[in-house]
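Two complexes follow with subunit A in common, the first pairing it with subunit B and the second with subunit C.
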Partner chain A sequence: MAECHPVGFQWVMEAKRKGARIIHIDPRFTRTSAVADQHVALRAGSDIVFLGGIIRYILEQEKYFREYVVAYTNAATLVRDDFRDTDELDGLFSGYDPETGTYDPASWAYKGVEEYAAAGNARKPSADQSAHTDRAAGDTHGAAGAVGHGHSQTTRDETLQDPRCVLQVLKRHFARYTPEMVEQVCGVSPQDFLSVCEAVTANSGRDLTTAWVYSVGWTQHAVGVQYIRSAAIIQLLLGNMGRPGGGIMALRGHASIQGSTDIPTLFNILPGYLPMPSVDDHPDMTAYLKTVTSDTQKGYWTHAGAYTASLLKSWWGKTATSDNDYCFSYLPKISGDHGTYNTVTRMLDDQVEGYFIMGENPAVGSAHGRMQRLGMSHLKWLVVRDFQLIESATWWKDGPEVRSGELKTEDIDTEVFFLPAASHVEKDGTFTQTQRMLQWHHKAVDPPQDARSELHFMWHLGNKIRARLAESTDDRDRPLLDLTWDYGQDGTDEPSADKVLREINGWQVKPDGTPGPLLSSYTQMKDDGSTAGGCWIYTGVYADGVNQSARRKPGSQQSWVAPEWGWAWPSNRRILYNRASADPQGRPWSERKAYVWWDEEAGSWTGHDVPDFPADRAPDFRPEPGTAGPEGIAGDDPFIMQSDGKGWLFAPTGLLDGPLPAHYEPQESPIRNPLYSQQSNPTRQVLKRKDNLSNPSADAPGAQDFPYVFTTYRLTEHHTAGGMSRWLPYLSELQPQFFCEVSPALAAERGLVNGDWATIVTARSAVEARVLVTDRIRPLTVNGRTVHQVGLPYHWGQGGKGAVVEGDSANDLIGLTLDPNVHIQEAKAATCDIRPGRRPADHQVRGMVEDYISRAGITVETGNTLHEKGDQS
Partner chain B sequence: MSSHSLFGPLDPAVDAGWEQAPGRKGFLTDTSVCIGCKACEVACKEWNAIPSDLGDGITGESYDNTSALGANTWRHVAFVEQSTPPAPAAPPAVDLGMPTLRAPDADAKPEFRWLMSSDVCKHCTHAACLDVCPTGSLFRTEFGTVVVQDDICNGCGYCVPACPYGVIERRAEAPGDKTKNAGIAQKCTLCYDRISDGDLPACAKACPTESIMFGDVDELRERGQQRVAELQEQGVTGARMYGDDPHDGVGGTGAMFLLLDEPEVYGMPPDPVVTTRDLPRMWKRAGLAAAGLAAGAALSLLGGS
Partner chain C sequence: MSAGKTFLSWPVLRQVTGSDRLGRGAAAKSGEDWTARTRTADKVVQSVCPYCAVGCGQKVYAKDGKVIQIEGDPDSPISRGRLCPKGSASEQLVNSPTRQTTVLYRRPHSTEWEHLDLDTATDMIADRVVESRRRTWQDTDEQGRILRRTLGFAHLGGATLDNEENYLIKKLFTALGAIQIENQARI
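For the complex of A and B:
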């Protein structure tokens, strides 16, 4: 965190001054470790064992916050009798189909909801795509998780004794995640591990809370979603959710990544985490809503119809009416995985014509840079918008493949357009940070020369396309022509970001179809076309006609929660699910941790924050069993967006790789999985291609050619792929060169010399880096043998115009294997070889890689077996 | 307090003849909260328009690619990777009447440390650079800081060997480039232009963890000493102040440091002495010698007549 988020880290240092204990768990010793009370080095890719070990410790030692766990989580809820866990099936959950590498999640459901199972969760694979990329995976669900059919009425055993209750399932599941297993898999000593367990549990309860903070590298694994689930289980067991000082904080790689999922740049969701409709399943809005929510579940997702209708009204205005399903048919539909990596493979297969790159640098920043660059060479056109002529804009004349002679500039047909972009100080708009807080930034200076904002570009592009289509009578052009697109300001060609924010907030629709008063809350949204709003969770950001995100009242002039600084969704709540900060009777768990509570006299919830609960819902309120929607939320159901009102220790629906986290080794690993016969995630998305080979793992033939683990990361001095730092002399001089970090022991083993060069090789590429020999990287003893790790910052690239520094790109080393839920690449744990000296000349690098591939006997099948047959399966 | 003294405690601004000086200003750099982000280095360069200094790739010295203070580096963050056990406890600095130290908790002690510290010109009470400057380019400001006037400096370079910390340096001319102020002596001004307007120095403003503090030297000294006591109390036995003693060889410094180990570990001299300290004595001796020589010569002339 100090390394990548030094400004945010000031608050950690402030907490430390006040006595907080800082524990840092990371394969390398970073600037964070330097000021932490304890640094725990573990093997990259082994985190679920570490976290699972903590869960086991909490359960075995009975350290969980029992009152919280019983009332607020699904610990007491019973799971179906036919659910079988990984401990019984040697690393598989029940429902696995080895043919397709997918699960039928029916048996993971809660007991008593069998009759709803037919409604189904997982979408059928569509037929029009190649076998290994067509799984729609997490595209199925919005943030609602999945539909919780029947969850308004679950079967619970609040004594937590029933062997089918979630807590007992958890106990059995994590029983094998012992301190000895942690030592064996992670390379962490039992003493270090237990001291973390003791610190975390001692610092949780009525009077204390523990926070977990992760950076997005945690998600970049073939089991990335389950990493975060593991942390969620710990926090729920310890009562650290919905309470001040608790929670799980995701530190993002860019300034507004939270914003770009709220109002998504992702292919599979619409604004406000509504799922993207699909070609196969959603002919109309009724069919769509049936897969978004259910009339037999609790909570606010049952109002998804109002959110969807309001979204459509904001986009298509007067044209969207009840007669035409509010133009639902205008929405683009997905037919499978259209994620970034699938798109790249489709480019390579000549199925993609054009590509927009805005504020990204995939030639350097995305996994498998070679596939990225070669993919782009198959495009007809490419638009790059950035501050600088980054490598993704110039690969066609100076990229590694052009340098090596593999590509010839004159043979590349891609037409590349570069449009200079304005920076955040050169335009109005909002950032949404990880606390879900929107902060408005005012334009301070005009952008230089031709640089323009993204908003300017998109608005004018829309205007131009619409002008061209103006005379069209083709139905397919209606969605563009009927779009509300009036963001202009008189006397200027710059569109108004303020108008966009107003549209996002939403308004009452006047009888004549024009915008009426602005909405102040999403609870005002209707499904009858009388309201419009571009993102339901953002409704209220323009409450009372005031841009609430532009508020900057100093902290000294308001309460410690600081509700008048910016605006947080939903409804300016600073902590989600904060009903959990009070006990089941509505009293603060302790005075020290008082946050929101039930005011008996006033008959309402009150406190320091906006209560995240129906304001007048008494703690002892119990709905008629089976009552759906917000009315079904009991007075002790803090998790009001969950279909049963409870925090999910066990996810009965919504995930594709299991209801609980299980440890699987990364696609490339130095060891066999000691926990199960199943080596790697049996549902991971493998891309079997000649240009995407994997190194052999563990004891497989050829694994000895790639004996080391490597991981990639960022340095304080640079920003991601370098577009915002390698062009700046003052930053570049601070970290001028690509380097690799190795331990003195590995340096001795391989003859690496501090300051000299080394070459790092995988089945994808070979790159050269200067060597930094450091005690900050330690060899670990894993499964009885020494495992060396190589650390690689990934900020450098070759090419680009005007970069102050350049170098080989660490991401060229990484192959594409994806998490099934969200298609994120496994970029943080893989294997490599490292040798002293520089790599061969550009035109000989492929030869070196090919030698490794043939020596190790690698084929497209290597490492890509989904189901490993164990003794018991 | 003697006037125009070359060592010992004094108020340098008053000593330099400022009437109604606003009080001595300086830095306290608390390295115990430094996270090595180098924001100070960048902010300093941005504000003072210092040329970039892209070297020959990485230095191989941990994450430090700047290496030392110099003409183009007025703030420098040192990165010290320390695998050996921490140094023995610091000698008791100033007795604040705090409770006695408890034994350090062996479990809480990291066996490996990565020390970071942002170094800067010390703005000495007795600044040899200033004392030896023949042009008056280096002067003592009303804040008690030491500043080079680059339009007066003639580049003689006397100040460079005079500095006991190796801070001040003449700017080399980059080949094929129009270097600003080439040949002119360069160092931290403690952002004279900013503090004159009531702003924080650029480095202190940019520091996210308040490792770099700016303020009245007396207050900072006290704050630092309290923090040392606090850290000692927590078992950080190596914590100590550096530059806070008005009786040291430079009369104490305007830029003080809270270090976690011996100064040498961070590349700082353990016992700096103003190089002009012995000047009066030297002049006296030289004078005596000259007088003796003159007398001898006279005698010889007399004797020869």
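For the complex of A and C:
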């Protein structure tokens, strides 16, 4: 965090000054480790064992916050009798189909909801969906997860003794995640591990909270979603959710990456985490809403109809009426994985003609750079919008494949447009930062020459395309021609970001169809066409007709929560689910940790933050059993977006790879999985292609050719693929060269010399880097043998024009194996070889890689077996 | 240590053996009439750092339509005036001499860029979108179910852009039937 989010880290140091203990768990020693009380180096890719070990410790030692756990989580809820866990099935959950590599999640459901489940959710991928590339059941969920049919009335045992209750399931599931197993898999000593367990549990409870912070070191794995689930389980067990100083903080890496998820430039969701309609499930809006929510579940997702209708009213205005499902049919349908890596493989297969790249540099920043660049060479046209001539704009001229002679510029028929972009000081607009806070940034100057904002580009592109098709009578053009697209500013050719933000916020629709007063809360949204709003969770950013994101009351002049600086979704709440900061009776758990509480006299919730709860819902309120929607939220159901109002220790629906986290080895690993016969995530998305080979793992033939683990990361002085840092002299001078971090022991083993060159090789590529021999990287003893790790910052690239520094790109080493839930690549743990000296000349690099591939006997099948049968299965 | 760089060249030694032993001479003094660049600005706006997602406050100082300095905003309860090396360097990001500020176009098979004016380039891109969409349009799948889409063009980017920009990207491309709209959040 000190390395990549340095200014945010000042608050960690403030906490330390007040007595907080800082523990840094990371394969490498960074500027965070340097000031932490404890640094725990573990093997990249082993975190679920470490976190699972903590969960086991909490359960075995009965350190969980019992009152919180019983009242606020699903610990007491009973799971179906036919659920079978990984400890019974040697690494699989019940419902696995080895043919498709997918689960039927029906048996993971809560007990007693079978009758409801039959009506809707429990869907399997259809037979024609390949298990490997087209699976997308998870993509049809939006962010509500799957529907919680029947969750308004679950069966609970609040003594937590029933063997089918979630707490008992958890105990059995994590029983094998012992300190000895942590030592064996992670390479962490029992002493170091237990000291973390003791610190985390001692620092949680009524008067204390522990926070967890993570970044892509947890997400970029073929089992990445379950890493986060593991932390969620710890925090729920310890009562650290919805409370000040608690929570799980995702440190996101771009100025508005949170915003681009909320208002998604992502294939599987619409604004506000509503799912994109799928061809399998969503022929019309009624069917669509049935898979988003259910009238037998609790919480605010039951209003999804109002959010959806309001979004469609924003987009299609007067054309969207109740008679035509508000133009629901205008939305295109997804039919599987259309994520960026899928798109790249389709480019390589000549199925994609055009590509827009706006403020991103996939030639360097995406995994498997070679596939990225070669994919682009198959396009008919490419549009790149950026500040500088980044590698993704110039690969046809000077990319590694052109340098090697593999591609000839004259043979590439791709048309390339480079359009200069406006910087953040040259336009108005909002970024959403990592804590969901929108901040308006004001324009200071005009952009230079032809540089324009993306707002300008998209608006004019839309105008031009609409003009070209204006006379069309083709039904396919109706969504485009009926689209509301009026963003002009006083007759100029400049669009107004303010107008767009107002549309995102939403308004009452006047009887004549024109915009009326702005909405102040998403609770005002209706499903009858009387409201419009482009992103329901952002409704309120223009509350009372004021741009709340532009508020800048100095921090020194307001409370420590600072509610009048910017605006956080939803409803300016700074901590989500903050009802849980009070006990079931509505009193703060302790005076020290008071945040939101019930004011008996006023009959409402109050506190330092906006209460994340129905304002007048008394703590002792109990709805009629089976009551759905917000009305079904009991006074002690803090998790108001969850279908049962409870925090989920066990996820009965919504995930594709299991209701609980289980440790699987990465696609490429130096060891066999000591926990189960099942080596890797049995539902991971493998891309079996000749251009995407995997190194053999563990004891498989050829694994010895790739004996080391490597992981990639960022440095303080650079930003991702370097487009905003390698062209800047100050930053380039601070970190001029691509380097690899190795331990003195590995340096001795391979003859690597500090300051000299080394070549790192995988089945994808070979890159050269300066050697940094350092104690910051420690060899670990894993499964009885020494495992060396290599650390690689990934900011450099080959080609581009005008960069102050260049170098080989670490992402060229990474293959594509994806998490099944979210299609993210496994970039944080893989295997490699490292050897002293520079790599061969450009035209000989492929030869070197091919030699490794043939020596190791690698084929498209290598590492891609989804189901490994063990002795017990 | 090379012959030309012995310890005798260390600044501290040169100072104590030179004429200005205490380092208080003219060479070490700022001129009385120096003015901070920020004080000459004719405009200051509050902004947000464009790098990571912490969202540090920035104050952008401009003069005669040019940015002259970018500093941390002490009012921000997030950053309290601090910026990291990247945020502190953002004036260089904005005023970079290598910044490409005109449109470039590379024709199929060409080895060089050529120049285009912005409007012509946008027209050409609009033509490409319309054409690719027409060629790759899918009304229905093989079972006759309605798809109403194109997989003929794709988009990547958005995590560095404004919410309002992402909104228009998603809105326009979805209305065109494009599905493969993605950004760094997947990566």
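Here is the rule we use: the second predicted complex is superposed on the first by the 858 of 873 C-alpha atoms of A that agree within 3 Å, B and C clash if a C-alpha of one lies under 4 Å from a C-alpha of the other, contacts with A are read in each partner's own complex, and residues count from 1 in each chain.
By our rule, contacts are C-beta pairs under 8 Å (C-beta built on N, C-alpha and C of every residue); 3 or more make two chains touch, one makes a residue touch a chain.
As the structure is a prediction and not an experimental result, all values here were calculated from the model.
For the overlay on subunit A, clash or fit between subunit B and subunit C?
clash
With both structures fitted on chain A, tell me whether subunit B or subunit C touches more of subunit A's residues.
Counted on subunit A, the partner with more touching residues turns out to be C.
Which holds for A:6: it touches subunit B only (first), subunit C only (second), both, or neither?
The answer is both, since A:6 touches subunit B and subunit C.
Please work out whether A:103 is in contact with subunit B alone, subunit C alone, both, or neither, and reply first, second, both or neither.
neither
May I ask you to decide whether A:33 touches subunit B, subunit C, both, or neither, giving the answer as first, second, both or neither?
first
Based on the superposed arrangement, let me know which partner A:717 touches: subunit B (first), subunit C (second), both, or neither?
both
Which partner does A:731 contact after superposing on A: first (subunit B), second (subunit C), both, neither?
Both subunit B and subunit C are touched by A:731.
Which partner chains sit in contact with A:796 here, subunit B, subunit C, both or neither? Use first/second/both/neither.
neither
I'd like to know which partner A:395 touches here: subunit B for first, subunit C for second, both or neither.
neither
Out of 23-31, 95-103, 113-121 or 131-139, where does subunit C collide with subunit B after the chain A superposition?
The one stretch of subunit C in steric conflict with subunit B is 23-31.
Let me check the overlay on chain A: which residues of subunit A are in contact with subunit B and also with subunit C?
Common to the two interfaces on subunit A: residues 6-7, 10, 716-717, 729-731, 734.
Using the touch definition from the top, list the residues of subunit A that touch subunit B in their complex.
Within the complex, subunit A contacts subunit B at residues 2, 6-7, 9-10, 13, 17, 29, 31-35, 37-39, 195, 715-717, 729-737, 739, 754-755, 770-772, 774-776, 804-805.
Quick one: in the complex, what on subunit B touches subunit A?
Checking each residue of subunit B against subunit A gives 33, 35-39, 41-42, 45-46, 52-55, 57-60, 62-63, 65-66, 81, 83, 107-108, 110, 112-116, 208-210.
Would you tell me which residues of subunit C are touching subunit A in their complex?
It comes out as residues 43, 45-58, 60, 62, 65-67, 70, 74-80, 82-89, 92-94, 96, 98-111, 113, 116-118, 121-130, 132, 135-137, 139, 141, 145-172, 174-187.
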